[in-house]
Structure formats: C-alpha cells, structure tokens
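In what comes next, chain A is part of two complexes: it sits with chain B in the first one and with chain C in the second one.
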Partner chain A sequence: MVKPAVDDDDDYIDIDDTGPEGLKGADGGYAWEEEYKRSWDVIQEDASGSIQSSVSGLSELQRKRRRRLRDTEVVQRGIMRHVTVVIDQSEAMGVRDMTPTRMHAAMGLAEQFVAEFFDQNPISQLSVVGTRDGLAEKVTELSSNPMDHVGALRNRAQRDLAGEPSLQNALELAMHGLRRAPTHGLREIICVFGSLTTCDPGDIEQTLQALRHADVRVSMVHLAAEVHVFKRICTLTGGSFAVAADADNLRDALFELIPPPPLAAGRATADMVRMGFPIKARATDVPTPCVCHHELSFSGYLCPRCGSKVCSLPTDCDVCGLSLVSAPHLARSYHHLFPEENFVELPGTSVLSEACCFACGVEWNNST
Partner chain B sequence: MVEPVESDPSLLVVVLDVNPSAWARSPLALDKALQQIVIFINAYLALNPENKLVVIGASKRKCLLLYPSDSTVDAAQDIQVYEQFRLVDVKVLSGVQAMMSQVTVDNINSLDERQSPMSRALSMALCHIHRINEDQTGKIWSRILVLSAGEDAPREYISLMNSIFAAQKMSVLVDICKACGQKDSVFLQQAADITGGNYLKVNSAADESLLQTLMFTCLADHYTRSVINAPGSALIDF
Partner chain C sequence: MRFFIDDLPVIFPYDYVYPEQYQYMCALKRSLDSKGHGMLEMPSGTGKTISLLSLIIAYQQFYPGRRKLVYCSRTVPEIDKALSELKRLMQYRQSQGCGDENFFGLGLTSRKNLCVHPRVSKERKGAVVDARCREMTASWVRAKAKTEGDIELCDFYEKIQTLEAADLIPTGVYTLEDLTDYGKDNGMCPYYLARRVIPLADVIIYSFHYMLDPKVAELVSKEFEKDSIVVFDEAHNIDSICIDSLSIDINQRTLRASTASVERLGERVEEMKNQNSEKLRDEYDRLVEGLRDALAARDEDLVLTNPILPDHVLREAIPGNIRKADHFVRFLKRFIEYLKARMRVMHVVAETTPSFLKHIREVTYIERKPLRFCAERLASLVRTLEITDLEEYGALAKVAGFATLCSTYDAGFMVLFEPYESDQNRVLNPVLHLACLDAAIAIKPVFQRFNTVIITSGTLSPMEMYPRMLEFAPVVQESFTMTLARQCFAPLVVTRGGDQVTVSSKFEVRNDPAVVRNYGNLLIEMARVVPDGIVAFFPSYLYMESIVAMWNENGVLKDVWRHKLIFVETPDAAETSVALQNYRTACNNGRGAVLLSVARGKVSEGIDFDHNYGRAVVMFGIPYQYTESRILKARLEFMREAHQIRENDFLTFDALRHASQCIGRVLRGKTDYGLMVLADKRYSRADKRSKLPRWINTCLTETSLNLSTDMAIGLMRKFLKAMAQPFDMSAQLGVSMWANEHIVQHGGRGDVVTAESTAMEIDQVG
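Moving on to the complex of A and B:
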C-alpha cells in the first residue's frame, strides 16, 4: 500500500537525503569498484560438448527466483481496471540500443502486453494514447476488445517518429478519456517512454494535482534512465516507476503491471456494482443486427436488462449501459484475489515418504 | 499457433467418476457402463498406434491412477483378445473394483455424498499431460474426457475454474459425458465451453447408449474436430 505523501521539500536536495551514499553496495563500495565478474564462467560444457544444459539451467534458476517471490498476501485488489497506455513516439524512440529500434521493441511488447492484460483482467478496459512532436493523440477508445488495440498499435508502429513527447498533454488526454470510467473501477495510466525530456505547454504540477484529485494511478517504464519529474509523478500518484535495461527487462517490467494492484488504504470499498450476465441468443435462421457494430450475425448474447444483442463478451451494452460479463471472466480474477501458496523447495527426495510423485506417478530418481 | 495435423498422435486422459451414491441411482449399471467405456478406450487406442492413454479414477476421498499403473495383472492370458487391449481393460476394471470396495460410507444418500469433487482429478490429469508433453519430442495433442456421475461440489468452484483455465492455456480439450444423473453440472458445462470440448448428457432411461455417444463425439481428435459438426451446445447457465 502506498500513501501518497504531500511533501513540498522534495524538490530540493537536503542534507538528510541519501544522496550518492545510497548507491553503495553491501560491502561499502560502488558497483564499478568491485571485482569484475566473469559471467561466462558459469557455463560449463557437459560430456558431449554441448552447453545447452547449463544455459537452460541458468534460465531455470531465474524462473525459480521469480516464482519464489510471488506475493501470496490476500489483499484487496482493483479488478475492474480502466487503463490508458501512453506510448512515446518521439525521436528518442528511434535509438538503436534495443533491436532493431526502441520503437519496434516497445510496440511488439505492447501488443503482447495487451493480449496478456485482457487474459488476466477480462473485465477491464484499455485505451491507447500516442505522443509525438509536443502533441498527444488518441489511438483507441476505452474498450475491452484486444483486437482493436493490437490492430491500432500495428498501424501506429508504421508511422514516423518526430520531435519530443509531451507528458503533460498525454496525461491530460488520458485523464479526459478516463473520466468516463465509473468510480468503482481503478483508473490507471501506464506510460512507455524513451525520451529524457518532455515539451509541456503548462505547469506539470497542476496536472499532477489533477491526477491525484481524480484518483488516477500513473506508472511508467522508461527505456533510458530515471528522470526525476517522471518518477515523482509516479510515486505521488501511487504507481510504480521502472527503468528497463534491455528488451527482456522491459518485458518483465511491463508484465509486472498486469496483475491487479493492491488498493491504497484510504479508498472507499465494498461498492455494489450492477452487472449483467447475458444468455446466449438462440441461433436463428435469419441474421439479426448487433448493437455494438451494427452488423448482421447469427449468434450473440442478449442483454438481460434491455434484451438487445451484443456480439461478444465482456462489453458494455450500448443501449442501456449495463456491464455484461460471463461467470468465467469473473472467475479469471479469482486467482489474483485468492492466490495459491508458493511451492516449497525440498532439499532432496529422501525426505519424502512416498516413492513416486503424487501428481504424475513417476518414481523419483535421487538426482532431483 | 501450431495447427493440428491428421497424423499427430493424441493423448487421452479419461477421468472416471466412481461416486457410489450416484451410480447406485443410475438406470445404467456401473459394470455395463464400464464395459462400454472400455470398448471406447480400445477404439481410441486402435485409431493411431502412437496414441497415449491415461485413466484416472476419482472418488470423493481418493484420486487414483488406474492406467498406466504398476499394479500386477493376474488375469490369465486370453488368446481371443488383443493383448495390449486386454492389459488396459483388466487394469481399469480391477482398479475401479478396488476403489469401490474401499468405500465405507455411513450416509450414502446424503446431499454431500451425491457431490463429486472433480478439481482434484482434473489437476492430476493436467499434471500427467504436462509430464507426457515434456517427455515427448514431437507434438502431441491432449484432451481430457470426464465421465461424470455425481453433482457439482460448490466449494471447489475456484479450484475447478483454475484447472479449467490452465487446461485452456495448454490447449487441452475437456469433454464431459454425464453418464448418469438428472441435473446438469453447470461447472463442467462451463469447462467444456471454455476449453472447446463437448458437453454430452446420456439419458440411459430413454435408451440412449453411452457407447454410441462416446464413439460419435469423443473419439475425434483435435484435427478432426475442426471438420465434424459437434452436437449442439445447450444453453449454458452462466
């Protein structure tokens, strides 16, 4: 839980601040003063001359470490999320430190992010905003259809990069779009930035106050370095700020934002939310129009309140505004709300009483 | 997304619900049903020599791996029957018999006894599928056939849905065949719907044949399902 602190002294570096001393490592030295680590020594060749096993062992270790750190605390989380993704399309995104350019890496990962986001948060909605040349443009409206966003992102990736981004314009536009979102949902803005500068028309402090007033959480993944202004906006609104060192890092940092975040302490809770569970429309001989796309189709779902046909779930009924979901979509969120315990790694199989694995019936061999 | 090819082998995991309270009430006797299931299994194995099979018996208290198991088969060799099939048949039948004989229940007619928890069996099935996928070098398409007899257990909703989503991620089809019982199992209907399998209800009182239903719908593997027309899905109560 993050309590946004109102602290006007943050702008000035004080004698109490950690300063450069906070960067020192555990032994009291800076990272560049330590002995050079030869990471290639870990990889050993096995009997047949192949290094495949030690390479896969390395990635296995990383995966194990990540799994162990999974948060199993049962906290209140925001399940109905309304997220705006802000993509930087300035010249700084054309730098080739990620292959082939930052823009390509970011767009590819943004598509994966959208797909995974809707998989983990089926009742949430997403919209995309791009910023370049000091302006911000809305790429897609808030919707729960992943195909819309992926298609729009692909089109966007073709366009040229120009000028400098404008964080203030992007945040204002995103906030304006999120105004439509109901208050019981969680409002978030996720930014993927590559530029170290921002070209704003006014005072970004006012935008920050407006964001806090509207209860919008801003998180950012930066591709270059930590910028004080960006980090300040993120921490004061209760979001997270991460810097990605390479494409894998960027993927991890972006995907950290996918599970629903714990709610801040002071939020009003336990609202009653009206939702509809539509039934499948009977297959007819004659196609009927749907209210979301005005296209003719044979099958669909009927809204329980007004009876109009929609093509796919989850969505909002265009006629009466009721949120339409199906039970599996809600059940999808349960594994965030009731997380399973972490696995306990045992030192060896000799401590076990059974001779074989309970799940698949295979006998233990004592090397595992 | 890898598309299934006709020659790809399949893995079928059959989950047998041996809820004694439910089978006692059914117009189709358990031994007759088992004979039909065994015929179905033999037909599945005959389709492709590389087809793999796992049979799991699920009761309220235990979840046992029936085939492939290490239990000794002491029936005499029968020259009339193909040996591979005979091994499978005997292991399955003796396994179910052993499970039923271990049941000592006080109040067999209570509501609690009529419910069959399926999530444990489904998780075990998914673990087996994962293990076989790891050991296999080529691509193998897996599906689960649940022969359900009892009713839904409401307290296992979350774990059941978690297993279903895991099955969906692993592209495992879950077919449900309700062999006995009047009530539709809502959770299992959702399971079949989400993973792309079929939900079939066999009304033995009206002389519908379990074997016929299984043969016509559940024998088809991933590739064939894109070509055949599955029986219509009933209105699912979400």
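Moving on to the complex of A and C:
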C-alpha cells in the first residue's frame, strides 16, 4: 500500500493522523478520492520475503522498452485489414478479478482499441461479434466508422452475461462476414475471451480447416488461462495467443494487435487496387441526402466515379463500390510499411554536447 | 553434445543437458565404478531414460569388458519408448564418429505382441497365443511331425532352428516393431529369435517380470554374466511386484478345474501305459538320476514352470513316492481333496507355512519333501505325456506351485483362509491365499547375482525404506530435484474448506456431510478456474462411490457439469479406456473434463496426463491401504519383526508414494505445467510431507501449506496466468539447461579436448 510520505524529522513532534496532510494520497488528493486499488495485489510477499510488486514494476519497464524497440525491418504488411472482433459475453466475463468485472474492463479497452485501430489503420474495416449462451450474434457489420462500433460496444456492455460462449459459432459467423472481403485485404479475427470452455454444436476441427482454407488469421486475448483448443486455433491459423494477467497486460496484449501483421510468405503478391480520392462537397444552403445513411446533411464527400455523396472517409461508395480514401489516410497506413529507425539509447549526458533537448527544450538530467 | 565425466566421454544426443541429468549420470557412474547397487530418484519428465542409456552405453563402449545392460521397465509402451530412445542415441553416436562395432540392442515381450504367424497372431488373449504357439513348436510335436507328416508346424519357428544364433540377425538396435518387421521379412519368429540372441546382445530391454518372476526368469535371464548392469526403471512399486510374483490365491473354481485336470492326467497316463510304457519308464529313470538332468531339456519345452527352488534342493533327486506317474497323479488328487476340505471351514484361518504343512501331514500323511517337488514333477510329467493344450492345466499348475512354495519357505510366507468376501459381506467365497510377506525373497537372487543393480524412479522417497525392505545395500543413493527456470508446477495443500471445516479422508470423518461438501466445493471451484483437464484421485473405489453418490444428491455434480464433463474410472479396463478416450477428446476440443479415478488404479499408474490432458490433479485424502486386510496385517507384522519397520511408517510410506505417483502424473517435462492439489489436513503435517519426493517437497513453501479452498483457488488463478505468459527459452540456458561451457563452470569437464583427438580416443577403445 502506498503510505503517505511523512517528513521523518517532524513526525515525533507533531503526529497528526487526522489532519488533512496525513490523509493526502500519493497524487496529492485525498486517499478516498483516489482510484480504487487492490492493495493486496500491489504488495505480495512470498515465502522468501521478496516483494513481487517491485519485480513486476521492473518487468513493466522492460515491457515498455520492448514496445518502443519495434522491429524496423521493411516487410510487406497487409495494410488493408478486415477484422472481426469476437467478444465473449458469457458468465465467465462477470468474474471480478479485474475491476469492476472482466466484462467492463474488456469493453473499456475494446473501445480504446477500436479508436486506436482506426487511427493507425484508416483504410481497414472492422466488425464486432458477440457470443453467449452457446450462440453468436453480429453486433456491427464491417465498416470503417469507429463511432458505429464504439456506440454498439457501449450498448453491449449493459447487457446481461449468460451461459457459455461458443467459439465455433462465433468463428463461423465472423468467417461468413469476412468472406465478402476482397482477397487483397487481410482477414483477421480477434477474440477476447474469459471463459475456459466453449460450447460447440459440431467439430471445431472442421471450422479450423475452413479458417485455414479461407486464409483467416485468428488471434486471441484470454483473461484467465491458456486453453488448449484456443491456442491451437491461433497458432495454426498464424495468429497470436496471449493471456492477460491484469488490466494493463490486457491493454498491452490488445494493442499489440493494432499494427498490421506481416503477410505470410506465400501471399506476398502485388495487386492493383482501384481507389478513389473524393473531393469535399461544397457547402450548400440546402442539405442534400448522403448515400450511406440516407440523411440530409450540409457537408460530405463526392465519389469521383459516380458523384454520390458520402458523409465520412474512408469508406466504400455505396453506389459504385469504389474504395474512397483520402491521401492522409494512405500516408498513415504507409508508415507501417516503412517504419522509422529506433531511437538509440545513449548512456548518461556525457555524449551529448547540448544541455537540453533539441526538440522540446527540456534540460537533460540523469533521471531522464 | 559431448562431455566428460571423470575420464569417460559421454555422448548425449541433445544440444543441452539438464543439470540434474548431469548429476544423475555422475551418480550412476560412481555406482558402476564401485560395482555396487544404486538407488536414484529423479523427477518424471526430466529425461531419466536417455541419461541412463547415454551413460551406460558410453561406459560399455569405453571401458573394457563391455558390461551388458539389462533394462527392465513396467509396460510394453515404456519398453518401446526406451528402445526408440536407444535407437536415436546410437544413430547420434554414429553421426559423432563412434564406431560401436557390432552393437546389438533389442527388446523382448510376450508372444502376443511379437507373433507373426498369420493365424496365431490373430488371437487376442495372451494365454491362447502361447498355447497355440506351443502346439506347433513343442519338441515332441516337431518330432512327431517328422515321422507322421500331417501335423502343422510353425514355419517361422522352423527357420530359426536351422540357423546358428549368431547368423540369425545382423547387429544393430531393434525396436519391437523393427523386430517383428525383420521376422516377417525373413520368415523368422521374432519371439524365439529374440530369446535365442539375448546372450549376444549388449542391451536388452524387457519387463520386470522377466527378471523378478522366478518362473519366467529361469527361462530368459539365466545366462547373463555377473557384471551385467541391471536397471529397474519406474521401480517405486518393486516390492509389490516381488510379492505378487510369489503369492498364489486358490479359490473353489481353481480346485474344480484342477480336479478335472488331474482326472485327465490320470487318463493320459493310463493311455500311455497301454500304448507306450517305454516313455514313462524313461522318465522314471531320469527322475532317479536327479532333477537337474530333467531340467536340461530344451528351453522351449519348459512349459509348466516352477517357482524358485534353492539350489541344494535341485541337486536332490525327486522323492520315490511321486516318481511313478500314477503315484504322482494319486498324490495330487489327495492334495486337492485336502484343499477342498480346508475350503469347507467357515471361519478365518491364518497360519504359518510350517503349521500348515504339519496339519497336512497329520490329516493326509503327505510329507513335506514330495510337496516341495510338486511343481517340478508336474512339469516333467506334462512333458512326458506330450501335452500341448497347457491352458487347461493352468489351475493345476497353480495348485502345484502353491504346494512347492509353501513347503520350500518357512519364513516370509503365510497361509490364509478366508471364507467370506469381506467381513461385512456375508457372501460365501472361500479363498486360500498363500501370501508372500517378504519382498526380498524374489529380488534377492537378482541382487546376489549381479554386481550392479540400479533402482530408479520419479518417486522413491523416503529412500531408506527400500534397502530395508529389499535387503540390499546401495552404494549410491541419491535424490535429484528438477532445476527450473520457472516454477512449472505448484503443489498446494488444502486443509480446510471455505467454511474453515477441516477436510480429511480419515475414517471417522470421511463421510461427514461437511467434509463431503467441502471436497465437492473444491472440485467445483477448480472446474471453474482450471482450463481443459482435471484429474481427481480418491483413496479407494469404495470411497469414490460413496462420495460421488453424495455429490449427486447435494447437487455438486450438477455444478461441476456446468463447467466440465465428468468421467469416472471403473475397475473394468475396457470401460475405463473408453472413458479415457472421451476424456482426452473433451480436453482437446475445449469442452474440458474431470476424470474421477482411484489411487492404485489403472489410471494412477502408467497413464500420463501431460499438457492439456491434466492442468491440475487433485488428491482427495491420503490413499492408505485397506488396513483391515489380513494379508496386509500379516505383512506389517512380518516387517516389524524382520526389518524393524514400524507399521505406521510403512503405511504412510506406501500411501504417500501412491499419492506422489498420482500427482506426478500431471507433469511430463519442462515445457509442461500443472497444479498439484493435496486435499487433506494431514498433508500439512511434517511427517507426511517429509515422505514426499524431494522435488515436490522443496516447492511446498509456507504459502502453499494449510490453505482453505478460496485461498487455493486464488493461488491457482495466479499460477495459471503466470504459466500462460510466453516463456523465453534463453532464460533456461545455464540455469536449467547446460551447454558444454556450463558444465565446465560447474566444475565438470566439457569437451575441452579437440574433436579430433577425442574421436581418436574413442576409436582406440571401440
């Protein structure tokens, strides 16, 4: 537990536990105003007397460093991704080993994930599938509008959790949706699961074969433990399998899936993809309807091929089916293909001639 | 990789060696050098077999004498696994430039597994295969075939007979499959082939029984030299095997069958007397000359084998009153009638063998000496009468063996008669047990005959017990722990339920609703947090049945069902194997399953629950033996008197070795991980804990002792999450895996000599 820092020279002269100073938390606010902490998780003394919290803090630092040290090799990556996120809504997600429940933690992070995903992969598409009671249901269709998904996820978070999930049903449903996706794009399924079992109607091996046949990558973040069949499906389809020990870990594991994955060796072929760069519709006095929502609006973008109006980019034109993007979107996706060099860590200040940072003007000291 | 232990170059077929493997090899070498016996305990899944083989082969090839290795294992799959490891090792040695000229290794198993005869090999029962085989291969059948012609012989066997042993098969390593393939391709019988070439082999791998069971050992293991190296792998139950091989149970069915056999025997004797009395007279003459000559008959004829007989007995001649065939038949009849009379008694009788013999003499005037030769005489008679359908004489052979055993040994045996199945159950089912109480009797000849006998297993603790029970003095006795870069198994001792009521399988409380409920809750909670498979062990079938019935009533099973399927082991082997198969399917497809089984059952021995097949194993209670059993009581008493082992010590030792066998099932190698839950208050006591193997014991820290259900579940969650994190293999290097430089670091000698000079060194020796 984080104890309020007390100046040790004074503490025997004037110990005032009830005073406002004594109750100040680490961040300067009152202790009860701070975020709820599971203090018994923070400090854990094992038999040998070592404190695990400090160790895990160290490993956290290492993780951060590793995250920064990206692989900078230029490889062909699939920047046009079609991703289905499968979210477990079974009883197991109601377990309170994450605050407040697994479901809430996962939903919150899923929203962040969606936002970040579209930020980094603007020309990709995403859909959401939920599974509970042995059934799978579609939450959102494939689309590139983050607001659609975030809104649906928020609604979802309020729903009851019930029964067991069905991985097979969810995968079949997701695969059905992804089948429409063009072949030059990458098909992926990302599952967030809390249940240790799956309640399947048939042989999941056949689904696995179908997934491999359709070239769908399955990745999973599990909230409890390693389950053989889940891991097997992930590894055999070329995806990743991770188990999140806590909420931070879950975040890391999810966000690891955001950069576009490298293409498999056999699939690295060049394809021509027809794309349109629409012009912004000139603001008019009279609102005109858009083709995507059939609502009247004053602004929008005009498809260069058929001239119909869409509300937001990137998207596919609903009339002629052309992918509509803007140049910044392409540029943002492109930086995954040609990553910048990693920063080099230099020991101490001695190497540096300047006394402060070139970019932000902050002075160097040893702690940074 | 290649490294040195003292001056011995060891070639190890992997790039890295585990530290415990290295230490194991060092200890093994010490034992070989001193030509003494050894006892080595090393956790399961750390590559015991390959360490053993690499060191012993290196030893065999490097030092003069080429000591033969006899490797005894428990089951056929284990034998096959050891053989393929051997094959791999030899291939690797070859690739490393070792000559190993004329190296010859093979395995031996029963006819049923090896037979290639198109008709006989279709039979499913081992005894039937044996019988059909003998019908075609017995020497009198073959002699008859020469004169008469229309008798079917086994071509595969005939081919063997035409060749010299050395020409039968080129040297090399043969797995059981290789052997049958070779037999098929060359038209030779693999079984007899293996038996013929055993004296020539450098490494022989076969089952315990070929070495321990005196009836079989006589046939197979008689020709090994004194300095052969004998290894018993998975030998934690070796005392029970020794005892079983010398114990005989006789019930009314056995007696009925043997009466019928004796009748038939009598008829055959009459027949032969009329047709060909010459043969009977020949036999009589032979018996006068002495037993050993009779035994000089060819090994394949030795069919009704006799139990162990001390040498001085064998040198005597068969007593006069059973030398004549019809006298002997009458003698047998009388003995069987006596046993039948004993069976009619309605109360329990337990007596020593001398008092049993005395009673026989008083009632039937049968002396001790002819009884002692009973089995021998029967075998000889069967041979003379040229009987081939031996399975019909099985019961009679049992009775004869009974007679021989109880008249040969005064101490270490007990004759026990029980009229009822159990004390509560008043169903009449009289059984006459001849119980061997002294495990040392069967294994003593092995220890005496061979310089080096190695006993090894994953669970031998407490190690001081075995030398006392088996009466031998090991020169090397060590227990190794598993070095791990991450703690991949977590033993937890659950002593209380969520409501703080202590749980225990103690007799007084085991059916207490609170205990049953708490055990049930533990299982429910575990089913909720543990992925894939869970194996639960109970101390006995009886207890399992009663507790499962109670769980069914109070809804525990229904709760478990919501998370996992439930499978139950039954005494029926076929049923159990179906359950096991479905259990594995459920573990594979994500449904998850719980297997309820019994310590000392089939599942607890020899079936591995690695990876997803067993993420957790829970032992409900301590698997004590049924202490009311009279045989056990007698054995305990014997051990107290003869070996100064206290009853309680032995019972606890026996219970805990079974418990550790059960929980050891879950961990099969260093990439595997699993939870081991011991649910009984008594496990947290120091005297119980200290009897667990060292590798488990060192992991039992304060935090994992004396847990309540909810605390244990918390630890399980944490453990499972930690284990599922990606594991960096490079962290193991130097800690739990050693390359050459690490061996040097730890004071050993790596491959410091250049490769060329080592190769030369080895060539010189090879």
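Throughout what follows, the second predicted complex is superposed on the first by the 284 of 368 C-alpha atoms of A that agree within 3 Å, B and C clash if a C-alpha of one lies under 4 Å from a C-alpha of the other, contacts with A are read in each partner's own complex, and residues count from 1 in each chain.
The definition used in the following text is that contacts are C-beta pairs under 8 Å (C-beta built on N, C-alpha and C of every residue); 3 or more make two chains touch, one makes a residue touch a chain.
Being a predicted model, the structure only gives us computed values, none of them experimental.
Just to be sure I read the superposition right, which of the two partners does A:326 touch: chain B = first, chain C = second, or both, or neither?
A:326 contacts chain B only, not chain C.
If you tally the residues of chain A touched by each partner, is the higher count for chain B or for chain C?
C
After lining up the shared chain so the two structures overlap, which partner does A:228 touch, if you call chain B first and chain C second: first, second, both or neither?
Second partner only.
In the overlay, answer first, second, both or neither for which of chain B and chain C A:280 touches.
Touch status of A:280: first partner only.
Pick out the shared contact residues on chain A: the ones touching chain B in one complex and chain C in the other.
No residue sits in both footprints.
Which residues, counting only chain B, touch chain A once they are in their complex?
Checking each residue of chain B against chain A gives 65, 68-69, 123-124, 127-128, 130-131, 157-158, 161-162, 164-165, 190, 194, 235-236, 238.
Of all residues in chain A, which touch chain C in the complex?
Touching chain C from chain A are residues 46-47, 97, 167, 196-200, 203-205, 222, 224-230, 242-245.
Mind pulling up the chain A residues that touch chain B in the complex?
277-280, 326-328, 331-332, 334-335, 338, 359-362
Along chain C, where are the residues that touch chain A in the complex?
Those in contact with chain A are residues 528-532, 563-564, 587-592, 611-612, 615, 701-703, 717, 720-726.
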